[in-house]
Each structure stands twice: as structure tokens, then as C-alpha cells.
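The structures come next, written out as C-alpha cells.
Note that chain A is present in both complexes that follow, paired respectively with chain B and with chain C.
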Partner chain A sequence: MEKVIQTRGLYKTFPRKGGSAQTATHYCPGCEHGVLHKLIGEALADLGLQDRTVVISPVGCSVFAYYYFDTGNIQVAHGRAAAVGTGISRTKNDAVVISYQGDGDLASIGLNETLQAANRGEKIAVFFVNNTVYGMTGGQMAPTTLVGEKTETSPEGRDPLQAGYPLHMAELISQLKAPVYIARVSFSNMAKLRQARQAIRKALEIQRDGKGYAFVEVLMACPTNQKMNVEAAIRFVSEQMEAEYPLGVLRDRSGEAKTLVRAESDYRKETLDRLLHLDTDRAPDAKLDPSARTVSVKMAGFGGQGVLSMGVILARTACAAGKFVSWYPSYGPEQRGGTANCGVVISGQPVGSPVVAEADVLVAMNRPSLEKFAGEVKPGGLLIYNAAIGEFAAPAGVRVLAVPAQELAKQGGSPRASNTAMVGVLAALGGFGLPDAVYREAIATHFSGKESVVKQNEAVFELARQWGAKQKP
Partner chain B sequence: MATQLVKGNTAVIIGALYAGCDSFFGYPITPASEILHEAAKKFPAAGRRMVQAESEEAAINMVFGAGATGRRTMTASSGPGISLKQEGVSYLSGAQVPAVIVDIMRAGPGLGNIGPEQGDYNQVVKGGGHGNYRNLVLAPASVQEMCDFTRKAFELAQKWRMVVFVLADGVLGQMIEPLRFPEASVAPETDTSWAVDGTAVTRPNVVTSIFLNFDQQEAFNRQLQEKYAAVEAAEQDSEDYRMEDADIGLVAYGISARIAQGAVDAARAEGIRAGLFRPKTLYPFPKDALNAFVAKGGKQLVSVEMSNGQMRDDIKLAVECRCPVHLANRLGGNLITRDEVLAKVREAAKKA
Partner chain C sequence: MSEQASGFKLPYPAIDPLECKACGRCIAACPKKVIRMGQKLNARGYTFAEYLGEGCIGCLNCFYVCPEPNAIAVHVDAKEAR
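On to the complex of A and B.
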């Protein structure tokens, strides 16, 4: 026995296990986890991979795989090994990631993670122990339990009408394009054991070379939970399990698969500054000026009328002029076809609430908005609205102006830019104290990359500003 | 210094990039999705990794794997998604794997709606998963803090080997403000004393949260509590606004704090001596500073929150009920208004 346990790739003794028998595993007599551990360990040692390897211990009987593998070890939540493996592999390009999972873990609670990681072609070697039962929790039915097989939760035998049919994981995964290698093996005789050994090595070679996803399903005996002696359990594997789950290599693309290299992080500040366009989109820090008036602006209209952009352009202008400013939108389904509104607060000191409940200025682009928000304009405030709305009974004590926004936009050469026309009128009448040139810069930044659009919007802005300057609301 | 007009959700990713976060794993959910979008745009361009996970559970477990290698990693979501991640948060805490999670709260329970709420307080501040663990929780109240607190979250996560939440609401995620960019970027070191990253030096390490032996599990739990006690001593953070001579202290975080600040000014204009106490950390709750206010003569407290008194419970615990703690709140995606807060303050002032 001692010779069997002291395998290359595994620890010589198992102090993490605790207790007195530090060279014996925690597995039951006749259990084949030990065989699989040994084959994986030997392959890792022979291929020189132990330093690079991270073995993921799942939940199930192999929860303590980290007692044994002389590699880096991580123990994870039930069914989540494939996701954890993704996180490791994406972060550490050279890591050899091994996910060792049972049937409940991989094919039931973790089926989504399993298939998705396989489908992404993650660089993980998955060793899937299929022994048709939950082991650690005491012999319940697994997704792989055979039809008619008795377990604690299928006491009369698995009934397909109640519990469906055995899940064929290797076949399921072979429906996906990304996996490099898929095999099903067993240890039920020496020839099959040799084939299993080869499959395990192949899966690990693929990891050594960083080529992608490898899946090896291992049919195993579980004498304890199948309530059989060892001979009967092995016979169950070779006669019944192998009939349901044919052995063989379902796919081997290790020859043509290319090494997959993940990026290396670039932490340099220059890189980030450039990536975030700090060279072209850069405002001065806001200047504290408590004497400056705080102005709250509400803008509202149909989704698609550019209401939110209008607010952003105003906020950009204020920001570029060194003001404190906030912009807050109504968000969510309202953006998709319904009404949209946003609030902009411009101040000489840090903005308190960004939510505009009482507006110094209201810009209304459609009738529902006008009717909804007209009452929220402060006495003496300014209400400008899209002249296309038509007749409107203005509230008392408020300065009101109908703006022919569509006409101004058309004249400026951009019929869609009614919102920019409103910004032009605001520049003239809003009382924000923001220089006209800064509005133009904000428009250029807002539409950056689209030269003709910038030109048109600048023209609309200028026309509307001049129009606005002549009005006396 | 460089300033740019930025959305709150974008500021999170800017903070993460300058903090040296290596990877982002996420799943779409309103109103947090822009964080995922920004990660998709910006992370690969800086050689960082981004995976749109198949589920919230997968995302948090990818974070577990990435975090276990000792590199900086994060995810972001909103209420329903955070509920799903709680299993992973418990495992991260049990294995002491550092991670940063951003929660852009929306209204609940259940599917609720996507309006802003603060109803995730308990599930984030108290820990919504199983076991005796704590999350460190930072509560930004501006776009600037969305960036700065995300950066700080990575420092704290690594320092304490804890999950650090940035707990924000739909308003903070969606609003735009000028952001002063970080002045430096970080290239973080891997702590090879515990991490497992597929190298010779970390080969002896194991990242795990299981102790079969009850006494070992208890000893580990005790160790965790000692760590949390140290966190409580070291990391409480809060901000005062007109609190020096206040009789009534409003307590609010996130967007509620900014609304409450307006109510303080309005109350002062009426001659009511109100002030605002803004927790910047929710765990640890800044109880020392709050108690100092009460000890100095603060007579009443008002918890201003967009939840059903979840934070008020912590305020009461903090001051051990030595003064009345009132509640001003709205729910369901509705923002509380300045005037609603003001009405509560007036009511309190009458009782005094």
C-alpha cells in the first residue's frame, strides 16, 4: 500500500488531512479516486508541471484533493470550479489549471459553468469523475445515475418519467466548437487503465502548451454508495456504465490547436491617460466661487429628441468653464421610446443634490413634459419650450419663450439638432455666465470624431444663440 | 491634475484601472450595466482581462479564482445580482481572498424596479451569505468618490484580505459630474505568502474555506473576528457638515446624504440647528465619531435613507439608544426630497 500512495506529483505524507494515518487517503476502500489522483500526479511530475499547476478541489468526495496534490491548491464552492478556473487562467496565462469534479458538482449544480467554460475554450483540464452517485452527501441520485439504478433518492430505481435520463457529459461537450480534447475512460481493466493514463497525459500536455480546454470523463466505481463489494462495483462499471457511456476519444484537436496567449496588464499611467482621452478631453479643475449663483436646469421631452445630450452639452460647457456641475437623467425603460428628462445643476461650489425638484430654467421639448414640469419652475424662472408644441397657458410669474427649435435647426443645416438650438437659446438667455466659445468647444467634444456633425451643430448653435439674444421672454 | 466630465458608473472603471485591477467579471443588470460596458471597452485596451460571465454566480467565482492568484479583481452588479453572488462572497470571506464588488442599488425586493434605492444595506453591510463574516463597505456620494473609493477598495481589500464593497445607488451610477483623475497608477505586487498563482514560490499554498475539525473552524472564526475588530478600530470614516453646534444630526450616505445636506441648510435658515453626519464607511460603521456628537450634546438623530430603516438599526446600535433616532425615508425607487427631510427635522425640533 505505501508504494501506491507515495506517488510522484502527490505529497509524501498528508499533514493537511490531520489525524494519525498521514500516508493513507480519506477515500473509502475500493474507491478509485486514488487511482485518478495517482495518474494525474504522475503525469504532472513527468511533464514537469507541478510549479505551474493549480488544482481546484470541488465539493464532493474530492473536496480534499488539496491534501494530496503537490501543486498550488484552491478549494471552491459546489459546482463553481469551471468559473474559478476561468478566473485563474485569465489572470495567470502560464498557469496549468486542473478542475477535478464529480458528477453532482459538474453535471448538476455546476452544469452552466461547465458548459460555458468549455464553450469559451478556457485553458483548463477537467477531470470529471462519473460514478453515477453523490458520494460525500451519502448516495443520492446524480444526473449520471443509470435508468433503474437505486440510490437514496431513487429508492425504486431511477425512473426516466420522474427524473429524466442519464446526462452524457462528454457527448454534450462534444457539441461545442471550442474544446480541444474530449475523452471518456475507465479503470475497469488494465488495457482501459493504460488508455486512461494516455488521455490524462494528453489533457495535461494541452495545458502545458496553453492550447485550451480538455475534458476527460472517468467512469469510476463507488462501492460504498453503490452498496456493492469492490469486484461487483468494478463489474458495474464495465458492464452497465460502459454500455450507457461508451469509452473512447471523442475529439482530439491537440495537433492543430494553437497556443492561446492572454494579454499582460499594462499598468502605466501614460497608457491609461491616453486610453481615457485625457489628451483631447480635459477640463480645468472646478474653481470655488461661493458668490456665483447656483442654477438648476430641467430638460424634458420625448426619448429621441436629444434631451439627455442637450443636458450633457450644457454640463460639459459648465465643466470646461471651471464650474461645479452635475447631470442626472431619468433612466431605464423611459429612455426607450417614452419620455426622457435630466437635471443639470451649475454652481460655484460643490453641488448638493443633483436632483432638480425646483428649476430655475425649464427646457420642454414636448407637451407632456411642458405640462408635467411647468409648475416646478421657480418664480422669476425661465421656461423655454419647443414652439412646435403650439398653444400653452404659461404659469404666472415665470418668463416664457416659445423657441422655433426645428426651424432654427433646419436653417442651420441639421434638422435633427433641435436640442442644439435649445442650447444656443440657453447660451443667450440662461444666465449661466458661460462664455460662448466654451459652448462651441463642448459641442465639438460632444460630437468628436464626426466633423460634419460638429460643423452643423456649431452652425445651429450660433443661429439659435443670435436668435435668442433678440428675444425678451 | 486633469478633470473630465464622467458618469458615475464609468468613474468606477477609471478608479479600477488606475488601481491596477487586472480583471473584471460581470453580468448585465440595470442600473449597473455601464460598469460592464466600460470594462469591456477599457480593460482589454490596457491588457486587462474582461469576461462577460454566464451568470452572477459565475462572475463572483471568476473573481474568486482571479483573486486567489493574488491579483486585483472585481465585479459589479445591482440588488438581484448581489443576492445571487452571496454564496461567492461567503467563500471569498472564508478563504480570505481579497475582492472588490460594486453594488449600484435598485429598488426591491424581488425584481422590484430599476429606480434608486438603498435597500441592499443589510445584505451588503451585514453580510448576506452564510457564516460569521463581514464585508468592508465604502459609501460614495459623488462621481469623484465613485472613482476614489473604488481605488481605495482595492487597497483595503489587499490590506485586510477581505471583500470590499462599494455601495452606491442608481443615482450615483447614472449621474455625470466632473472627475479629477488619479495622479498615479498602481502596479500591484502579489502577496506570495498566501496566493496560489501557478508559480514555484506559491506551490506550497492552499486557498480554502473548509476546516473539518470543529475546533479549527472555531479558531479560524475567532481569528476573523479579531481581524474585524482591528478593521473597526482602523477604518471608520465619516464626514461632518455643520455638525459643530448641531442639536439634530441627520445621518445619511450616498445620494441621500446630498439631499439631506440641502435639508440641513434649509433647517438652519429656519433657525433649527441641524447638521449632517455622512458615513463614508458603513462597515465599519463610524460609531466613534457619531458617539462623539452625542457626547458633545447632540440631542436627536434622523436616519435619512432610501430603505426601511436598515441603517437606522446600525445608528441605534452605535449610540446604544442614548438619544432618539428618527427615520426619514422613501422606498420603491423614489428619491427622498429635501422638503420631506426638512419636515422630519422640523418635527424632531418640536419634540426637543
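On to the complex of A and C.
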């Protein structure tokens, strides 16, 4: 009986590749990506994992790994495999997640995420291809380039005084507590290739059993960018790379590691309300009403004028009245004196974007804000501004009203409550269709715990609302 | 696999001339030195490795070092295969 030993776990043909040679890889002759692809594919097939597996292709020569692996596939932005892998692993608990990354992708742009994911012990098998050089972009120096190694960007050899020393990823990751398995392997002779095969299998068995993070660094030849023939490139791996990066298993806790079970995420409303101490009576579920007009409000001023609070009070009111609502602040780093604005969107449907690029209503508390945002009011929209700003050339087609906010606040007994005065005017003129009583409840909630402040703000609100009702902007 | 493969005694490597990129890794990895680089070009413009026709011991070295997924399959006796 004849048995044929052949590639498994990879597609038979690669139609995603396009072009005429759809049975060949896009890799250069002698490149070892194909060797690693075959070993991963074989292990996945042997372990029966293909249907559970998502392979994440990086940016680099292996950007097209999804042409080849007969598994689920996704290709991600440069260095982001650890972050995307985390997302996949946490949403699909049973997924076998493989991140396949080169030295530029993993050890340079993706270093932070790589370490964070390893430190969290994410259930990911990471295959880290270290060939000491950037391949796809044409042979530039990598973090892993050897001291003295010539590349396009280190033409006289890597000088550690200029460019530091080769980065030892496996050793770096082995400083962390969470990873289950860490190994460094190469294909520079058959014995080492067979050890690599075992390490790859082990990393995937750990994923099969959901035990956690496995990191396999694979030293590889890149004949093209090392400008060597295949034989010399492999000798470079065995004689120089392996001297800098010793092969071996740095950690194997696969025996004692248990299947990692994380608590289910619970995003139910009642759970969130409890965790955030939300009073459900004051934040009832919004009522769907597609016929209701969506109103976008922009409020702007300098920090300390209560611009963000003004928005919160309006948003609380709309929320308590059963509207869908968003409140979206934007402010500088200054606690006082910087500029601040917020957008409030009130709708009868879920709010798609909280960003207010064009406002139905603008409330401007100082001149820079007024001048900055006046042009963003929709035709027929309402622009109300702090009368203390003085003369202002209003844009055409917009209803404009100067509000003596400071005077109204003073009369109401709280000189600092100009913002509440503006809320009162909005209640009268904003066209939001929200009951006055709900505004008063929102003010009481906003200032709760400070009874005198609540009373003052209620007085300012009422005074301003009555004043506003008499105006014709 | 290719026509060339048929007729060999087990075990033997079936090398698809079209898929070979002439990197020579199989030749270097063969302990019995029964693979050589041919002289002809395939349709994609590469020379390609050829099995000499006898002497294969089915060690699979050529299969595992070959980077092209579709270039080498090794036919072995099922009884002796691991």
C-alpha cells in the first residue's frame, strides 16, 4: 500500500493570489516562509484544528499568508496582530488564534502590543519570523539585525552605538509571568527542523486546549535581502544568527497549565446600571420614535463657563424624557481658561455619531467660540450667544439671539449660573419638545447634594425660560 | 503529481517540475544524494530538481525543507510510514 506524504492544511491552489501561477507561493526561491507555512498547516491538519483556526496575516512578506492557510483568515494593520488576536480570542472563546509576524511587524511597530498581549496571557500562538532584515520593503535594518550585519540602511554594518543591539524577543517575553510556552527554533539543519516541528505542534496544542500564550521565534534565512545563495543564507542562520539567538525551549508550562476560562462579559443594561450606580428611573430606556426630529446642539466657550455642564443638563433632560441622546465633549488640557465645547444629539432613534459637524442650535459663551462655530449652524438654525460678547455680525439665514446670561443668573441669585440661564432659554426656544418639569428634575439631579445650589439654579432656569419665551430670534 | 513520478519503486519523491523554484534545498538535505538540479527550464522559467530514479529511503527531508507547498510529495510504503 502506497502512502503519499504531502502538504496539508494549506489550500491546493491559491486563487486569491491571482495571476498565472496560482499553485505557487509569492515567496522568493529558498525563502523559508513556505517551510513554516507547511509545518503549521500540517500540525493544524493533524490536530484537526483547521475549522477552529483564525490565522492573522501581518504586514511584511507574509502579508498574503491568507492566500495559503486553509483556515479562517484575517489580515491586519502593521503590528496590530496582537490586538486583533486578542479581540478574536475573547469574542470566539473556542478559536485557535495564530498570529504570524515578522521582525518589523512584531519587534518594531508591534512591540508594545506584543508584550501587552503576552503579559495578559492571551490565547494566541505567535509565530515570530526573525530573519534579521526587513523583507517586503527591500532589505532595511530590523530591530533583530546582527551587530555588523549589512543592510540597505546599515550599509557599513549595524553599529550598536548608533542603532543599539539585536533585540531578543523570546528572552524579553520570558521575563513575563503569563506565557505558557516560549521557544526559539530554526530550519538550518534537519534535526533543528524536526525540533521546530515539535515546537510548532506544542504551541498549537496549547491553543487547542485553550491554555494561553505560546511564542515560537523562528530564525529564518532571507537569501534575497541577505544577498546570498540559499546555502550561504542557511549557513548565516546556523553560524551567526544562532550564535546571537540561542535555540531552545525557554519555557514550557503546557503540562501544568490549565484551560483558561475568563468570566463572560456582561453588557446587559441592568448590570451596567448597577455597576455605574445609575438610577434607572432617571435614565429609562429610550423610546423608538423615527418620526421625531433629530436635533444637534453645539455648546462652546472657555473652560470654567460651565459649557460641558450645560450639555450634560440638556442630555440628562432628553434622556429622562425617553429620547436617544449623546453628549460628546471636546476640551483642551487646561482645567480652567482653555477652550471647551460639547455636542449634544437628541433623537427618536439610536444616535449614529455623537459628532456635531453642523448644528441645529449653537450656544456660544465667548467670542472665539462664537466666531469659530457660527458658520456651522444649519440654515434656519438657532444661534444664541452670551450678550457680554457684544457686537457680532450674524451669518445670514440663521435665527440669532443675544442672551443677557450673566444678568439673568444674577437676578436668579446665582451669578455663576450663566450656563443654567442658557439652558432656560433653550427650553423656551430650542424646539426640543422636552417638558419644563423634566429640565427641573435634571437640574436637581445634576446639582444633587447641594440643596441651596439646586434652588438657585432652578430659579435662574425659570427666570431665563420666561425671558426666552418673550423673545423672537 | 507529475507524470515523471510514475514507475518509481517505493519510496520516492514526486517532484513537480512546474512548482520547483530551483532553490536547491532538497538537494542539500538529501542524505542519499539522489536529487539533482536539472538543466531544462520549466514554464515559469526556473530549472527544477529531479529525482535520479532510485536510492530514496523515504526520510522526508526533501519534503520538509521544500518551501513550495505543491512541489514535492513523497510516496512511501504505508506499512513503513510512521
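Methods note: the second predicted complex is superposed on the first by the 255 of 473 C-alpha atoms of A that agree within 3 Å, B and C clash if a C-alpha of one lies under 4 Å from a C-alpha of the other, contacts with A are read in each partner's own complex, and residues count from 1 in each chain.
The rule we apply is simple: a contact is a pair of C-beta atoms (placed from the backbone, for glycine too) under 8 Å apart; a residue touches a chain by one contact, two chains touch by 3 or more.
Everything quoted here is computed from the prediction, not taken from an experiment.
Undergrad: For A:21, using the defined touch cut-off, is the partner it touches chain B, chain C, both, or neither? Pick first, second, both or neither.
TA: second
Undergrad: Should A:211 be classified as contacting the first partner (chain B), the second (chain C), both, or neither?
TA: In the superposition, A:211 touches no partner, neither chain B nor chain C.
Undergrad: Using the touch definition from the top, say if A:38 reaches chain B (first), chain C (second), both or neither.
TA: second
Undergrad: Is A:70 touching anything from chain B or chain C once the two structures are fitted on A? First, second, both or neither.
TA: Only chain B; A:70 stays clear of chain C.
Undergrad: Just to be sure I read the superposition right, which of the two partners does A:324 touch: chain B = first, chain C = second, or both, or neither?
TA: A:324: touches chain B, not chain C.
Undergrad: Based on the superposed arrangement, let me know which partner A:267 touches: chain B (first), chain C (second), both, or neither?
TA: Touch status of A:267: first partner only.
Undergrad: Between chain B and chain C, which one contacts more residues of chain A in the superposed model?
TA: Answer, by number of touched residues of chain A: B.
Undergrad: Same chain A residues contacting chain B and chain C, which ones?
TA: Chain A residues touching both partners: none found.
Undergrad: Which part of chain A faces chain C closely enough to touch in the complex?
TA: Those in contact with chain C are residues 1-7, 10, 12, 21, 23-25, 27-35, 37-39, 41, 68, 187, 190, 193-194, 197, 223, 230-231, 234.
Undergrad: Using the touch definition from the top, list the residues of chain C that touch chain A in their complex.
TA: Where chain C meets chain A, its residues are 1, 10, 14, 18-19, 21-25, 28-29, 44, 46, 60-61, 63-70, 73-79, 81.
Undergrad: Residues of chain A touching chain B in their complex?
TA: 16, 18, 50-54, 57, 63, 66, 70-77, 80, 83-92, 94-97, 112-113, 116, 120, 262-269, 271-273, 275-278, 281-286, 312, 315-316, 319, 324-329, 331-333, 350-355, 357
Undergrad: List the residues on chain B that touch chain A in their complex, please.
TA: Residues 1-5, 14, 17-18, 20, 22-23, 25, 30-31, 42, 44-49, 51, 53-55, 57-59, 61-69, 71, 73, 87-88, 91, 95, 113-115, 142, 170-171, 174-178, 180-181, 184-188, 196-200, 202-203, 205-210, 212-213, 255, 258-259, 261-262, 265, 335, 337-339.
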